[in-house]
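Below, each structure is written out as structure tokens.
Both of the next two complexes hold subunit A, though its partner changes from subunit B to subunit C.
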Partner chain A sequence: MQTDRLDNGGRIDRTKTLNFTFNGRPYQGFEGDTLASALLANGVRLTARSFKYHRPRGIVGSGVEEPSTLVELLGDDASGNRPVTTVALREGLAAKSVNCWPSPELDVGAINQMFARFLPAGFYYKTFKWPNWHLYEPFIRKAAGLAAAPAEPPKEGHFENRYAHCDLLIAGAGPAGLMAALVAGRAGQRVMLVDEGSEPGGSLLSRNLMIDGKPAMEWVRSVSAELAGLSNVRHLQNATVWGYREHNFVMVNEREPEQPSILERNWRVRAGQVLCATGAIERTLVFGNNDRPGVMLASAVQTYVNRYAVRPGKRAVIFTNNNSAYAVAADMQASGIEIAAIVDSRENPPEVARASVPGVEVLSGQVITTTHGRRRVRAVTVAPAKGGTGRKITCDLVTVSGGWNPAVHLWSQSRGTLAYDQALSTFRPDKAAQSAASAGAADGHLVLAEALRSGAEAGANGGALPDIPASDDLDYAVDPLWQVEQASGKAFLDMQNDVSVDDVHLALREGYDNVEHVKRYTTGGMGIDQGKVGNINIIGTVAMQKGLPLDEVGTTTFRAPYTPVSFGAIGGIREGSVALPYRHTPVTAWNLANGAFMYESGARWRRPGYFPRAGEAFQDTVNRECRTVRNDVGVYDGSPLGTFELKGRDVGRFLDHLYTNVMSNLKVGRARYGLMLSDDGLVMDDGVALRLSQDRWIISTSTGHADAINGHMEEILQTEFPDWNVFITTVTSQWNNATICGPKAREVMQALGTDIDISTEALPFMAFAEGHVADIPARVVRVSFTGELSFEVNVAPRDLLRLWQRILEVGVPFGIAPIGSEANHVLRVEKGFLSLGHEVDGPIDPFDLGLGWAMSKKKADYLGKRSVALRRAGTSNRRELVGVIPEPDRMIPEGGPLTPGGEKKPTEGFVTACVYSTVHDRWVGLALLENGHSRHGETVHVRLNDGVIPARVTPPIHYDAGGERLRS
Partner chain B sequence: MTPVVKGSDPDMPYDARIDRLPIYALFDLKGPKEALAAWSKDTLEFPNGPSRLKRRGSAALCHIGPNRWLLRDDLQNEAALSETLRPQDAPAEISIVRVSDTQTFFRITGPDALEVMSIGCTLDLHATVFGPDAVSYTEFFGIKALVLRCEGGFECAVEQSFGNMIEDFLTRAMA
Partner chain C sequence: MMNIPCPFCGPRNEAEFAFGGPVKPRRPDPNATSDDEWADYLTQVPNPLGPVEERWWHVKGCGTWLSIWRDTRTHDIVEGPGNAD
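Coming up: the complex of A and B.
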């Protein structure tokens, strides 16, 4: 029963009744309601319990400033910690209070109130130290936080990100924002007007004001209609500008896009200029028990009365220090709420204010010292501000207004400065750091006429101003009141975090006297509301206590997000299969269809790890694939290898600079292995260079480093050798390859049919030739990563799948099988071939790897040469590549640390890889070991959590040390 | 890829059609414009400025960086272009590399084409900024991409190995 719904008025649709539940109880509201207005209409006043003390709390605000009542939405709307004032009512909505059990009325946690004196700010810093923090951590973590995050993603729909660009982004469609949009839109600017409310108008939605002699909302309708007709204006409602970054990069969270399948949209906007027309937020007043349900912001009461036709109380006391509460009083009176008194802390409230509520008792120079009641306010005590005897006034609603703060959050995020305005008793925008401006109440223009003018000026941006519509509004005047000094009972500065005046005083006493330190010590200004209604009172309290003016205390940092944003909206459609980038080759679909176990294996490529057959365990599969290559023939897709074509007269000397060995004397048709070093002489990458002609080369890089090496080469060319004639073109995806490897590889090549002479004499190891394979144009390269005879058949990707299938067809008589990365890894470990990320892990140079032969002595200079020479001239021990044979025969985990004697001592190296070798029928490994090259034959020890594994040190090549097989 | 079309599902959020295109003939051209023009025997018609393209018949020559162009044509013309441009014989001061297989093109057309593009593309594609002959490398769903206009919308190319992922993204965007 909507007992507190007014008979008339409001911007609600009374023909559309909506059913909803709150804490399991059924209620009804109307289309256009928020959950807050519907609860108030149903007479629900106790809606929450406070964070720390579990004190009874009610609804305080009417918008994003709400500090007290957070709710958890259930069912299809599942979402945690939503300010009750920002939840639009809809049919079937189910919500519950957070941080209370079993209900706000009977909350077990309320026992905390008995121990409140033992729970001041920072008590946890001092209490949970002995015997150690970890003893308490599980309990504290369980108790921390409010509502839980939803366990499941939404059942239907998806989130979306979108980029946008505009000349002018206006945050806020109140009077100033609308005026600015109108002026800029008419002038042809690309305008983006963004407003967090469900409909435009800002404060005009809640106030009974006139513009050009008509109700202000008629002006809003007219302006909105004109904007809708301008193709250069994009107008978003239910959308919050929540972040303002460098270069006018602004983030907007649109909560109800017009497309039903899109749950929320996050806009990433580059704006030529940003206009902050974000309005102002009313601040609360600080007196005893000012958190009791029924104590509400005056602007919120005005909103509930005028916009939602809800009466939040029957008999009210209004407590203020400024004029705006008088207009609220007039609206409340008109709605039938009895005004018991206006308590004005000013000695002489302006007559113009008093005149707006004739007949209402104004208690000037007085303050509320405390409220009375249990689960809702029943009365207040009022006393002279300067001290004296108080009197009790019964009421069920206390309406407070401590003045107005421009909503400077976005401005401040843009790194614009703030200045304290004595007349307004608040901080307002000062100097811009980017192309940004403020207008309307956000710039301190708290009277409607000023707001409209400032909006027009901002929209015109120095151009001609249109006629500014006439308007009526009460002049604004305020005398600051940061706290009621004779308050009785806890006086809260930050209701969301249960931070009271006493907490701030304690922080100051304990030496946390910078306002940022006060914030961190007390948590004042943190949380979901970010202290929108109370921060300035904390600053004021600090100022009073320290005897400083407010501008010397300063503000804390305003950070994004301005209001909470769903993680889903930030991620957009980047979820599920596209949460991370992935790449495919023309054979990927075949791999999947043939049961390959796929995973990411560098540079986001999805590659087959292995091809399990029925009944095979993982190791069985890998062993089978290894035996296939060692005994018969295998084939793998080597397409992801980084490949670049280099062209120009200076490529030879450029490669001489990049690689440690000489490349410039390579003959056409031949290939050469090379190492690339960084400036500090450490191995960066390895690969093979092919000389196609005098001025054309192909180089390959490791898969994972392809992009980095591309950038590396370009940087060197552009910064060190800009005059050299070298062009680099990435052709990784122009030349895919199938590598046929194993003793029967040549027979498979012959079965495929080729016009290339593939004999050892004509096409020896480290040579290549161009021609056709299986009638497909191809470049065949004799390199080997497995240590076996190998033919790397490079073709255009459009031909790879055809080639691949043909290889597997003709290879059947030779026992061919596809092999995955796991078998490749085993085969290269047997051969002692290095792998980036395993043996090359950053601090390794060629000598450490036993590749000193690749360091040219002929070249005068090359990248990393000097650094290697300097290092080698030193005496420090180096970790050098060795083979290891575990004794007893067992697997050693990669990274297993080697310590002297297996004791708890500093490591002398680690195992880089350990695989089951089918040729040796045992586990073999590689390791980086201090002075390893001189320790062959020694026993070293791998120290693991579950024991110590002895291992014999060997040369790093476990198989075919002479390389006869790969040269065959 | 089966074209994703708004008409096939009225619940789709955007009125647009998305097609994954067959590969084009592509040649990466680098070096001084004059040298490239001379080597091609003036068969290349260069665009008027940076990040612009010049169309001639089915071919488009796109400026994609200082002294760098991308020649695009239908795949059926690849052999003829290769004959004309003779990449393997080109002099040292220029570089001509066939890169037809390196790019996967998508075409996004329809009334909401710009909206769909803006889900993945950071570039300002408004008609007043990105005109009919505009072309640029930019970002599409976090991947380096070439964007140009086509009749009724845009074409967008990504490195071939990301083609499936971009198709995945676009399908999700239209769901």
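Coming up: the complex of A and C.
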């Protein structure tokens, strides 16, 4: 039963009834309701329990400022910690309160209230500090409640991001924002008008005001219609400007832009100028038990009465220190709410204010000291502000207005400064730090005519001003009242975080006297509140206690997001495989069709690890693939290797600078292995350079480092040698290759058919030639990463699959098989070939790796030369690359530490890799070992948790030490 | 997100760039510097509270390595000192 729904009025559609549940109970509301207005219409007043003390709480506000009731939405649209006032009602909505179990009426945590005096600010930090806070934190967080994160992604729809640019972004479509949009839009500016509400109008949606002699909402309608006709204006509703970053970069969260397909859209907008027309937020007043259900902000009561046709109470006491509550009182009276009294803390409330509610008793110079009742307010005690005996007034609604704070959150995020305005008793925007301005109530213009004018001025930006429409509004005047000093009972400053006046006093007593420290110690203004309702009262309380003016106390930092934003909206479509896509070669599909076990193998390349056959265990497959290469012939896809083409007269000397060895004297048609160091002597990469012609080269890099090497080369070229004639092109995806390797590789090449002379004499190891293979244009390179005779057949990507399939066809008589990266790893370890991720870390230099021959003595300078020399001049022992043979034969885990004698002593190295060698029918490994080069033949010890493995030290090459096979 | 002026592409979103770190002094001749000077060159990186010259790589754009002066307190891109040369 919607017992508190008014018979007429409101911006709701009474023909559309919506069913919903709250804490398991069924209710009904109307299209246009929020969950808050529907609950109030149903007479529900107790809606929450507070964060720390589990005190009964109700609905306090009507918009994003709601400090009291947070709800968790259940079911398909599960989400947590939403202010109840921002949840649009829909059919089938299911919501529950946070912070209470099993319900707000029967809340087990409410026992905390009895211990409230033992739970002051900082209680947790003080009590749970031994042995450390993190031990207790999970339990306390759980007890503190708040909603659980949804366990599932939304059932339907997705999130997306969008970029936009505009000349003027206007945050807020209230009177000032609409006026600004109209003026700027008519002048042809690209305008984005963004408003958080379900419809434009801002405060006009809640107030009974006239513009140009007609109801204000008619003006809103006509302005909206004109804006909709302007192609240079983009108008978003249900969209919150939640972040204002450097360089006028603004983030907007648009909710349900396209139901049901797009749940939320996060806009990233670069704006020429930003106009903060964000309105103002009403302050609460601070008196005893000011958090009892039934104590509501005046602006909220006005909104419920006018916009939602809901009566939040039958008999109200209004408590104010300013004029705006009198207009609210008039609207309440008109809706049939009895006004028991207006309690005005000012000695002489202005006559113009009193005139709006003739006949209503105004108790001037008086304050509410406390409220009475249990789960909702039943009465208040009113006493003279200067002290004296109080009297009790019965009521079921207390409407409070402590004055207005411009919503300066966005302005502050942009680093704009604030100045305290004595007349308004609040902080106003002062100096802009970026191209930003404020208008309307956000700039302190709290009367409609001023708001319209300031909006028009901001929109015109110095240009011609249009006629400002005529409007009527009550003049605003306020006397600050930061707290009622004779309050009895807990007086809350920040309801969301359960911060009372006593907590702030305690923080000050304990030495936290900077307002930022008070915030951190009490948590006041934190969380989703971000200083909306209670902030100025906290500053005022600090100021009173310290005897300082408010501007000397200052404000805390307002941070993004202004209102909560879901992670989904921030992530957009970047979820699952889209978040970090794989790179593929043209044979990925073939690999998958042929049962390859695929995984990522550096730089997001998706490669085959191994090709299991029926009945094979992992090790069987790897062993078979290794034997295939060592005894017959295998083929693998080497396309992901980083490949760059360098052109220009100065490539030779450029490569001489990058690589440790001399490259410039390489003959055309030949290839050379090279090492790249960073200038501080770290091994960056290794690879092969080919000289295609006098001024044209190809270099390869390891797969994982390709992007970094690209940046490295470009940086050096552009910043150090801008006058050198070198052009670098990334051709990793322009050249793909199939590498045929094994003693029968040449026979496979012949079977494929090629016009290149592939004899050892014509095409020796480290040479290459261009021609055709299987009638496909190809460059054939004699390099080897397996230690066997190898032909790397490079072709255009469009030809790779054809080549690949042809190789496997003609290779059948030779026993060919595709080889995965697991076998490749075994084969390179047997050969002692370097893998940067395994054998190289910070302190390791080329000499340690046995690659001292690659460090040119001839060249006066190259990257890393000076630094390696400098490091080697030190006296500390070097860790050097060796082979290890575990004895007895067993596997050693990668990274296994070597300690002297296997004892509990500092390590002298570690095992970098250990593989099962089919050549030796045993496990072999590589290790970095202190002074390893001079310790061949010694036994070292791998110290593991479950025992010690002795291992014999050998040279770091377990197979074909002379290299006859790869040269064959 | 900053709006970084690329000499070729105009102002572009920071997301298109890779950070290249503060600009260090020019690389000295390694054969004409002391060990200390060389170590300083490698390890001393400008890190002021205020304007600093730094490199950005327009990796998702034209590929240019450029430098800007950025005020580390505000992210404002500012005029650098000594632009006379």
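Operating definition for what follows: the second predicted complex is superposed on the first by the 926 of 968 C-alpha atoms of A that agree within 3 Å, B and C clash if a C-alpha of one lies under 4 Å from a C-alpha of the other, contacts with A are read in each partner's own complex, and residues count from 1 in each chain.
The criterion applied here is as follows: contacts are C-beta pairs under 8 Å (C-beta built on N, C-alpha and C of every residue); 3 or more make two chains touch, one makes a residue touch a chain.
The structure presented is a predicted model; accordingly, all values stated were derived computationally and were not measured.
Of the two partner chains placed by superposition, only subunit B is touched by A:T585; subunit C is not. When the shared chain is aligned, subunit B comes close enough to touch A:E645, but subunit C does not.
By the touch criterion defined above, A:E761 reaches neither subunit B nor subunit C.
Here subunit B and subunit C are compared by how many residues of subunit A each touches, and B touches more.
Looking at the shared chain after the overlay, A:R270 reaches both subunit B and subunit C. In the superposed model, A:E903 lies in contact with neither subunit B nor subunit C. In the overlay built on the shared chain, the residue A:D467 is in contact with neither subunit B nor subunit C. When both complexes are overlaid on chain A, the residue A:A433 reaches subunit C alone and has no touch with subunit B. Contacts of A:E160 after superposition: subunit B is touched, whereas subunit C is not reached.
Overlaid on A, the two complexes show subunit B and subunit C touching the same residues of subunit A, namely 163, 268, 270. By the touch criterion given at the top, residues 158, 160-165, 190, 257, 259-262, 268, 270, 572-574, 576-578, 581-585, 588, 605, 640, 645, 647-649, 692-693, 695-696, 725, 727, 729-734, 736, 796-798 of subunit A touch subunit B in their complex. Put simply, subunit C touches subunit A in their complex at residues 1-3, 13, 18, 20, 27, 29-31, 35, 38-39, 42, 55, 57, 59, 63-65, 74-77. Per the touch definition, subunit A reaches subunit C in the complex via residues 163, 245-249, 268, 270, 415, 433, 679-680, 711, 714-715, 718-720, 860-861, 865-867, 870, 873.
The touching residues of subunit B, when paired with subunit A in their complex, are 11-14, 23, 28, 30-31, 88, 90, 92-95, 97-103, 115, 118-119, 121-124, 126, 128-129, 141-143, 159-165, 168-169, 172-173, 175.
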